[in-house]
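The data blocks that follow each hold one structure.
You will see two complexes here that share chain A, one where it goes with chain B and one where it goes with chain C.
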Partner chain A sequence: MQGRASPDVPGIAAATVFAIASQIIGAAFLYLILRVDGGWQVVGLLALLGLGFYLLERLPWIADYALASFARVPLVAMITAAVIVLAFPFFVGSNTYILHLLIVAELYAVLALALNFQLGSANIPNFATGASYGIGAYVSALLAINFGVSFWLTLPVAALAATLFGFIIGIPSMRTRDTYLALVTIAFGVVVQQLLNNFSWTGGPNGLVGIPAPSLFGHSFADPLVIFGWKLPSQANFYYLSAALVVVAIVTAHRLHGSRIGLAWNALRADEIAAKAQGINVAWFKVLAFAVDAFLAAFAGTIYAFYVSYISPDNFTFLVSVTIMTMVIVGGMDNIFGVIVGAFLLTILPEKLRAFADYRLLFFGVVIIGFLMIRPQGLFPQRMRRYGGEP
Partner chain B sequence: MAELLVQQLVNWITLGCIYALLAIGFSLIFGVLNVIHFSHGDVAMTAPFITLALAQALATALGASGPAWLVLAVPVAVLAVGLIGVLLDKVVIRRFRDAPAMMALVATVALGIVIRELIRHLYPQGSNPHAFPRLVSGMAFEISGVAISWFALLVVVLTVALVAMLFVFLRMTPLGLRIRAASEDRVVARMMGIRDARVFRATFFIASAIGAIAGLLFASYAGVTRFDFGVMAGLLGFSAAVIGGLGSMPGAILGGLIIAGIEVLAQTFVPDGASYRLVFVFLLVIAVLIFRPAGLLGRTVMEKV
Partner chain C sequence: MSALLKVENLTMRFGGLVALNDVSLSIDKGAVLAVIGPNGAGKSTLFNVVTGVYRPTSGRVTFDGAEITDRPSYEVVDRGIARTFQSSRLFSDLSVLDNVIIGMHTRTRTGVLTALFRPGASRREMAACVEKAETLLKLGSGDLFEQRYRPAGTLAQADRRRLEIARALASQPKLLLLDEPSVGMDDMETDALVADITRLRVQNPALSVILIEHDMRVVEAFPQHVTCIDYGSKIAEGDFAAVRAEPRVQEAYLGKAVAHA
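Let's turn to the complex of A and B:
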């Protein structure tokens, strides 16, 4: 790990066992927290989670060991992850609410990964991810409703439209920075949301209704999914679709992180002037970060629109952008795994806090502030870049 | 036409003064702590609720409801909001002064959620809008056929007085000097023996109390208040402070007047402008920041290695 020969590289067998067991435990925990609905059980599980992070904090070798074992048997780890993701709906069964939560969490994971390119890798604030998400949703929904374009064709079109928007927001980013840039992105977000709210062809505050369900090879996504005689509710279609999108986002993030682009973004984060002196085209990479963010966010927006089949400007407010930012910060900036955990946690937590009925937003705010104060570097802080040789 | 013009001019100045007072709070806090206190708008909008609750309590305790209680409740509410600001600084905001800027921004946005939810839960029927009376009513005088209300006059006089007081305070008192020193360079100020805890306390008290006055005027201008008005008040005040140039008092006032100006212009001259007014406001914000990236009166800091 990290260039030094660590004495505790796990053996193949130990690594395999660890990689499989840890993922199953993680999945079981997710399953439990989705299943329980009593207020105190949620509190208990959260306390358990807190204990886990406390242990991670106290005993950093656990994280090192985990990373080392995953790196030792990457194939096993990936296959386990794939099996868990594929099998999860079978355990959930006919509980559509849990599937719904999972889909929303997956879409937010994509959004958080999208924002992570900017906020995490390059440390550029962007409060307009919600707007890109909305543009993706509206463009694809309008195409499908007015022109009967199929879902699979609206995906790239929506992504292109949002990318264009990303470039437009990116332009002021060449000149402004920090707080001023944050305000520019807030302003873009508010303008988009207000326009969606006021134009008549976007349905105004009522939004768009009746977005047709997509279909693939003759199978409509509105129908239940039947696999080997198992009948899964129709939400399972979207669950797998969003899971595929998460995989695409992870691969994109991973490849970009390893490429010169990711390196350039990290250089921007570390020191803009030094980056410029190294010959990095600062303006271009900043704008590129905005464009990539908008591109991925539009994918999530499209799936969201077709999944709920009803969108309104209220789904894409400033607070949505703030939530996405919080996911990245709470999860851990520039850490792909952390960002996904952050997205899942912050999607599921408010839902579970419904047990506290009216007080859940209050709770949510307090939890976020607490997180930022106690663990400002996020749940999973970013790791040092590894240059060169594998361990 | 002339009547309309004068009427809109009065609206513009009234609204501009309110935004300017909000912007001053953002600017003051940013100047000293280098932190965007995004929940400042929410803090400000607690003032109308505290006033209403106090007036209600006084009326039930002493009988005989009347506007007198409101007048009595206002200064108490302003003081209380000032103390709330100090408390929030001590408990939350101060901890983020050395953190990355985005962290403070997100933390204070979350703080805004907490404040809004607290209002909603603590105030009876807090989810509903509550009528807020004009602090003063009636017409003062006429200009070319347009009656100027006492309220508009009050807003302008109060703003001018507050700004003048703030100016005198910052320029001519020892504490004001310390605040300016800390705003210039916190580390050096500390080396000169300035206790920054006191400076922060004073800054937050002043900023929040001024914000409270702005919040009361805002609710009074709208005639109504609701737990989530703080979001818009905060966004508009923040925008005013930023396009004026963060940390600059004249900039905050200028920014407030500009934001109010575009809002009134959009409402008056653009068909259906009322529903598009935020679009115009924020397009202007973007345009200003493209051409003046540090705001209109902000200092452009050349970054050196």
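Let's turn to the complex of A and C:
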């Protein structure tokens, strides 16, 4: 089927232009929405975004064309993305508030990608991602404060501790399904938060204060970042660190999705009994999804703890888990790009709607429902695997 | 020659309901066994017990020299039993190709660490799976290969049955359990199905097939071994002519079915 040249397959030049231009437009849009303040400007940008999604829904060939272009020139697409991510803080400049928003959005993107292994790939409604996030944050913070362990060492330790937690909630959860499974994970999430609130060694409701900033090659992350004479605020350190973590999460998600494991998870999602009949060890693959979710969430937790240098149980409530779940559903289940867009949108939107004061949350809800009405399968729904075949 | 699959005195109770009552049967390597009986007789329950979906109340199942009673499904599939379902259970939101590749789950090995740190090995494994799956899709009747990128849920009924068989074959089974494969097929498609099964046996003479069927045209095509189940009990076995002649079978089942066929 290789020979059949359909008119939609873009040539190299067209694909290159498209891959670069579309990403720059996307970045410009993100920059604009981060910069604007007035309520009407935000509404205008949201309307523009809604129009974009409406066109995507109405004209499916746009998405096909975009994917074909990116597949045609993957290297160009990746380099463009890398340049945009690296250059973004230079445009933001000294606005630490925008940098802060970006860091939080990046961490949420990692959390949403983590949950996506369960909710998106395997349809396991896990409401305990917030708890894994918290365990990661607390383990690394406690190690750093009490034993002076370096940030870089706490990263893997916290991740392993949270993975263990993932196994612990995964195994009893295997006895339940659907709604009941959701209830079990809610209970776990609440229990973890209550424990953090009541133990004395976790600082109780006061949390942990004075988590030291990490350093790399003698450069403390609390200091401003100076690159080629450009001085970026200290948040830029964490911006790049979180961006690196997002890349790790994307690579992890991409590799698992494309392997036999991603297929087994998808099989579970579609029909558990049929999955069993194909020889899939259903219980093991569910537990595995819990473990991978916890592992990545703990990374995000560690970076968060060292970034804000102060954590308390309030940072890891049930509401956090619900937010992460909404990001996956709005962005698009089992679609890596969609999940990231969902995370950014749902992190930035509530902040930008501050102009609406008391009506902020109401408006937020209306916007999300509106987007879901335009794109019922999520902003970027899952795509079929192609295995290098025709697009 | 010892039997490939041996079911001994199998009883399955669901509360007060006896779905299978002291059923014994066996099938040799390379043979086809047709299991017939009215709706609700316990035929599908038999498949579910053999494949480890249900744990039998009592009785023994041995396959290929090992006892598999109470063993989990994934182990049963790994040992070489594949099945299809009466109401086809495809992974409807995945492509036709993906459905077949998932069928190879027990024949592939990539774990999380391999997938993450040796992506090349993982990719090569998938590429090999794609190639094998495409071969399997080309083999059967119908044009599944041309439809390989379609979501399985959008296939026509006959194609769904064919895809289920292709998916089951993907696990390279020694024993294939087909649960009413001809449901929803017209006469021509049923003939193609019989031809498919015949061809499979020629290509792989060691493959054994247990067939649950209502369509006597299919049973007639494989008449050597037929077992009839009614109300959970085996009421007849032998070749098709002998089973058909059995008064209890006619009373339970064939009387009506033959009149319609």
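In this section, the second predicted complex is superposed on the first by the 367 of 391 C-alpha atoms of A that agree within 3 Å, B and C clash if a C-alpha of one lies under 4 Å from a C-alpha of the other, contacts with A are read in each partner's own complex, and residues count from 1 in each chain.
One rule holds for everything that comes next: contacts are C-beta pairs under 8 Å (C-beta built on N, C-alpha and C of every residue); 3 or more make two chains touch, one makes a residue touch a chain.
Everything numeric here is computed off the predicted structure, so don't read it as measured data.
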item	value
Which superposed partner A:L225 touches (first chain B, second chain C, both, neither)	neither
Partner chain(s) touched by A:A253 [first = chain B, second = chain C, both, neither]	neither
Touching partner for A:I186 - first (chain B), second (chain C), both, neither	first
Which superposed partner A:L99 touches (first chain B, second chain C, both, neither)	neither
Touching partner for A:I273 - first (chain B), second (chain C), both, neither	both
Chain B versus chain C as contact partner of A:N123, first or second or both or neither	first
Which superposed partner A:T176 touches (first chain B, second chain C, both, neither)	first
Contact residues common to both interfaces of chain A (with chain B and with chain C)	273-274
Residues of chain C touching chain A in the complex	51, 53, 72-74, 76-78, 82-83, 85, 89-95, 97-98, 101-103, 105-106, 108, 110-112, 114-116, 119, 122-123, 125-127, 129-130, 148-149, 151, 167, 171
Chain B contact footprint on chain A (complex, rising order)	119, 123, 125, 171-172, 175-180, 182-184, 186-188, 190-191, 194-195, 197-198, 272-274, 318, 322, 325-326, 329, 358-359, 361-362, 364-366, 368-369, 372-373, 376
Complex contacts: residues of chain A adjacent to chain C	252, 255-256, 258-261, 263-264, 266-267, 269-271, 273-282, 288, 292, 382, 384-387, 389-390
Sites on chain B touched by chain A in the complex	30, 36, 92, 95-96, 99-103, 105-107, 109-114, 117-118, 121, 231, 235, 238-239, 242, 246, 272, 275-276, 278-279, 282-283, 285-286, 289-290, 293-295, 303, 305
